[in-house]
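Here come two complexes built around chain A, the first alongside chain B, the second alongside chain C.
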Partner chain A sequence: MPTPEQLAIDRRAPLRVSVWQVRWRRFTDFTRRYARNRMAVIGLLIVLTWVVVGLFAPWIAPYGYDKTNYNAANQPPSFAHPLGTDALGRDQFSRMIWAARTALIVAPTATVVGVVLGVFFGLLAGYFGGWIDEIVMRLSDVLFAFPGLLFALLLAATLQPRLAAWLSQFERIKPWVRAGYVEFFVVVIALSLVGWPGLARLVRGQVLSLREQQFVEAARALGVSPWRIMWQHIFPNALPPVIVALSMSMGSAVVAEASLSFLGIGITPPTPSWGAMIYNEFASWRSPSAPWLLWAPGLAVAALTFAFNFIGDGLNEALNPQDRLT
Partner chain B sequence: MTKYIIRRLLWNIPVLFLIAATTFGLSRALPGGPFDFAGDRSLPESVRENLKRKYNLDAPIYVQFADYMMDLMRGDLGPSFRYRNQTVNDILKQTFPISFQLGILSLALGLLIGIPAGIIAALNHNQWLDYLSSFVAILGVSIPNIVLGPFLIWIFAVKLGWFPAAQWGVDYTELYFGFIPPMNSDFWSHAALPTITLGTALSASIARLTRASLLQVIREDYIRTARAKGLPERTVIIVHALKNSLIPVVTILGPLFAGVVTGTFVVEQIFGIPGLGRHFVQSVTNRDYPVVMGTALLYSVLLVLANLFVDIAYAWLDPRIRYD
Partner chain C sequence: MGRLLEVKNLETRFHTQDGTVHAVNGVSFYVDEGETLGVVGESGSGKSVTMLSVMRLIPQPPGEITNGEVWFEGRDLLKIDKEEMREVRGNRIAMIFQDPMTSLNPVLTIERQITEVLELHLGMNHQQARARAIELLKMVGIPAAEERIDSYPHQFSGGMRQRVMIAMGLACHPRLLIADEPTTALDVTIQAQIVELVKRLRDEIGMSVIWITHDLALLAGLADRIIVMYAGQIVESSPVHELYKNPRHPYTIGLLQSIPRLDEKQRERLQAIEGLPPDLIDYPTGCPFAPRCRFAIEKCWEVDPPLEEVSKGHYSACWVKPEGAEIMHQWHASNTEESQ
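And now, the complex of A and B:
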């Protein structure tokens, strides 16, 4: 039996490491593992590039996205118009840049809202079980039985005009409505409503196994409140798969936004969206007069989706080192 | 097991009811009505009123919903508002088989390419073949239909002229039993590009999953036992590893099926295929409420059945799983 004095010494000497040092160490380990995956690094660079392009769109884009010039319609690529102009004489290069802003506002917001909803309901359902679990899971059953895009389509088609009409009464918001921000909002809502059930199930599954582990039992025995156990003990441990899913679903959100806009229901002209641009120029695929008008937005959507998926892959390897082999 | 299936089927009734109610509410909330034609085609107020009365659109919404549900019990999905001589049942009968063919073909393509690719990658773990196929798979997962479809049209229809750029090869009148298409060259040439468009992403995600799952199974004790017994490697892989590694693949068939349904919406729009997805998108713009409802319900029933089927297959493949 050591004396209290001995214990004090033992405790002090070898372990004088602050929490932040540990965290920093963990972070550098994580970045090193992430950087080992070259494609993941490239993916990150692609996303960052688009973010910068989207952020500084007004300064980078040589023309406005809705600036028409009928004297310069349907032009092939040139120095003045690197990607040519469309049937209305709008500069395709500028529209590409502005559309990056659309994609990078809509997709991450939709994903984050969906993930927050999913994590919240998943934690609730997994930790408390019982009738809460029952309600959340049944609700996700219903949403699962509903083809996602079909639901998003209906939701976007019903919400958008009503919301726009309602918001237009307020003088202060009107210019925003006219600039097409309501569509952003509606697409975000539609996509996040469709997206949360999958994540809720993922988180619930994690919580169900974590809940039975000893550190949670210990916390409970110490009288920690359920809410605190949920957020401080279970949530951080359930996080890695959520982060991977977050990155992957960013990619699918980019595609979903483009697809909705392609079907004419998401972001509508004149607000630029890659999906809507592909749809607009679609006729020229069949009668190939101006293929570059289509290559550009197509490649942009594909590149951004690749990037998010590669990031997801890299995060998966960096966060779950034991899964590296699989 | 039978009990489980019956319980699941019963549980699906309220799910479908909720979906019917949501779709009904949402489709009625679409601004504008089915008879608001613009410009020259606009109808006088009195005609519009009469049309609304004929289709019972002037009744309170809950009465309309109750009527709809009563008709639904009898399997009657109501008349289409836009196509005056057709009922929704007719439209579904004509357009759904086409979407179904597209979906089945893509799913088949996904499995045919995805599973072998995944196996090859796993067996050559950490060699160039593995890296190559994993890289191609992640590219395939990422390339969106709205990009791949036009790209394929551009190369194979416009530039090379090998395949038609649009439409579907067979008419619904030519189908055997109203479902099975004649396997002629017209059918295949029209089906090729859309199937590849839709099947690529499927095969890529199936390949990724098969690879991961097979790699996990190969490290199991019973595989080591099989090898220790001196079984040839081929037997070990085919008899012992493969079947078990396909279980996770079966479990994602449900979500994949949902993805196929969603995919047909976009692919049919790209290729101008007169299937149900394309019709649905048009019906939303046309405010053709009964068609919107009918499509949503049909797809929901299909998804629910697909998920049930997957769960049953899961239990059948893995005897450790018991439902009660």
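And now, the complex of A and C:
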């Protein structure tokens, strides 16, 4: 039986367990559950390796990515050039390393932008319904009507020269345009615009079933605002599939960036990209043939894609509270 | 005792593809301070929709409150704007729901869900809210509240979850608690515990309670007054003991006869009310209970009877107003004879 003092609202009540203690415990719980999935740990290691390689490229790579040496063109692998050189005498091993930067800038940025857009519009459409839903869904239908890569290709091809020309008129920005940053920007825009409708649909579907749940009604009965219900109550429930989709689209964004570059639309030389490297070796005749010049970037793309997917699986298991055995 | 809540002539409709559903049809009732009002009726009788209308939680569309006033603390809740209404919900009027398994958000900790209300309505910071949440959990009888507070709902049993729901409802010391069949999904022993808990907290905090149920027996020890609903109308309203002693509406009589009783000596068949409730889309003229009524006279089919006082504080909407006590006595007598 509580005393009246216990029942009274004491705004200065002492805290018994620190909030940070709880958060730390929750974090260690999470890492333990994640570590149970061995492939997820391997995936994380692969991604981290590439991140380190990309970050420290200037120190790791034996040559610059645009360093040409006509005296050493079309060389087979050797100690000086572990993956040989291309027709311009650029060290392929160094270019592989530099290209990790490109992949790890473009793919996560494009995915995150796409996911943020998708989650935002999906939540709005699903929760409020009505005309908001109509607009968002018809828009995504239009985007869905094009094959993803084709649409990204169209966007990148039409956007890139115009944007570059427009930005070149500003003296300050001109060197950035020259250095190829516009290409990154355009590829990110193209990939995220292609990516968001799928996510918006996924989120909307989740929200449609979640908003009818009794806990949403209970939250409304407690006076919680619609905006807060949407983000605090519905969004966390829709999160597991979003996280899986996030990691999957990370993987496919790596592939998409490579594809665009392979088709000569995305990142163009001298900026190194695995896709562009494959194209380069693919397009030029050479004897004796040099299959490692295709395999190496191809394997890099594959490894990164798989790694992201494994991470997705691991996160899904670790974040799903139903599986917690505590 | 002052009036806390007064509902006048409430009407709620749902516009569906098949037509307009007349869910609540001119319902008027009141709740005094500190009083417990029981609301009884079968499924689809409009009990829940009435209370959701009071809270303005009817989804619009398809629902619409077409008429009525809801007076609470000097304001008509149907007239104030959305933000003001949000301040009332959870803060002045709290509501707990039927199924504790689905009323809690599965991915948020208990702590997050209780502190949210406190931060929202009382402007507490997180630490204060957490400390208060632990007190609340202790108050509703959760053992080891300091540790349990960081659990997720699925780590609680049904009864414990309903206690958590009650703790959330009572977090801001509301004046009125609306309990929408809070024990229906629980087993009988837990049911009794929850009823006892609400009674205790009601007396300690001094709030009023509206308890919706289809279980008349449960209300005997809990409510001060009972209203009986049928087809979106109130058909009888009475102080609790008067209702059990002398029910005056044929529907209430039927309900009371359909409760199995342990104190009967002879084994006898339970009396069910024949037929089904009326179609609320094609709402009947006349008394909605007439097609199922043993006492119906011609007038019942033509004019819907108003709620009239039959004795002090006891109202019944019936042209015939049979003496329920007498009928039940006779009926039991005849049954006992038959079985002998």
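As a convention for this text, the second predicted complex is superposed on the first by the 286 of 326 C-alpha atoms of A that agree within 3 Å, B and C clash if a C-alpha of one lies under 4 Å from a C-alpha of the other, contacts with A are read in each partner's own complex, and residues count from 1 in each chain.
We take it that a residue touches a chain if its C-beta (ideal position, glycine included) is under 8 Å from a C-beta of that chain, and two chains touch if they have at least 3 such contacts.
Everything numeric here is computed off the predicted structure, so don't read it as measured data.
Asks: In the overlaid three-chain picture, which partner chain does A:Ser225 touch, first (chain B) or second (chain C), both, or neither?
Replies: second
Asks: Quick check on the superposed pair: does A:His233 touch chain B, chain C, both, or neither? Answer first, second, both or neither.
Replies: Only chain C; A:His233 stays clear of chain B.
Asks: In the overlay, answer first, second, both or neither for which of chain B and chain C A:Pro76 touches.
Replies: Neither partner.
Asks: After the superposition on A, what does A:Gln214 contact: first (chain B), second (chain C), both or neither?
Replies: So A:Gln214 only meets chain C here.
Asks: Using the superposition on chain A described above, determine whether A:Asn309 touches chain B (first), chain C (second), both, or neither.
Replies: In the superposed model, A:Asn309 contacts chain B only, not chain C.
Asks: Once the shared chain is lined up, is A:Thr158 touching chain B (first), chain C (second), both, or neither of them?
Replies: In the superposition, A:Thr158 touches chain B alone.
Asks: In the overlaid three-chain picture, which partner chain does A:Phe262 touch, first (chain B) or second (chain C), both, or neither?
Replies: Touch status of A:Phe262: first partner only.
Asks: Who does A:Pro58 touch here: chain B (first), chain C (second), both, or neither?
Replies: After superposing on A, A:Pro58 lies clear of both chain B and chain C.
Asks: Can you pull the chain A residues that chain B and chain C both touch?
Replies: In the superposed arrangement, which is not itself an observed complex, chain A uses residues 326 for both chain B and chain C.
Asks: Which residues of chain C touch chain A once you look at their complex with the stated criterion?
Replies: The touching residues are 55, 57, 85-91, 94-99, 102-108, 111, 116-117, 120-122, 124, 126-128, 130-132, 134-135, 138-139, 146, 150, 152, 154-155, 165, 168-169, 173, 200, 204-205.
Asks: Which part of chain A faces chain C closely enough to touch in the complex?
Replies: My answer: residues 1-2, 4, 6-7, 9-17, 19, 22, 25-26, 213-215, 217-225, 232-233, 236-237, 239, 321-322, 324, 326.
Asks: Within their complex, state which residues of chain B touch chain A.
Replies: Checking each residue of chain B against chain A gives 11-12, 15-16, 18-19, 22-23, 26-27, 29-31, 125, 135, 138-139, 141-147, 150-151, 153-154, 157-159, 165-166, 212, 215-216, 219, 258, 261-262, 265-266, 269-270, 280-281, 284-285, 292, 295-296, 299-300, 303-304, 307.
Asks: Could you list, by residue number, the parts of chain A that touch chain B in their complex?
Replies: Residues 39, 138, 141-142, 144-150, 153-155, 157-158, 161-162, 165, 251, 255, 258-259, 262-265, 275, 278-279, 282, 285-286, 288, 291, 294, 298-299, 301-302, 305-306, 308-310, 313, 325-326 of chain A touch chain B in their complex.
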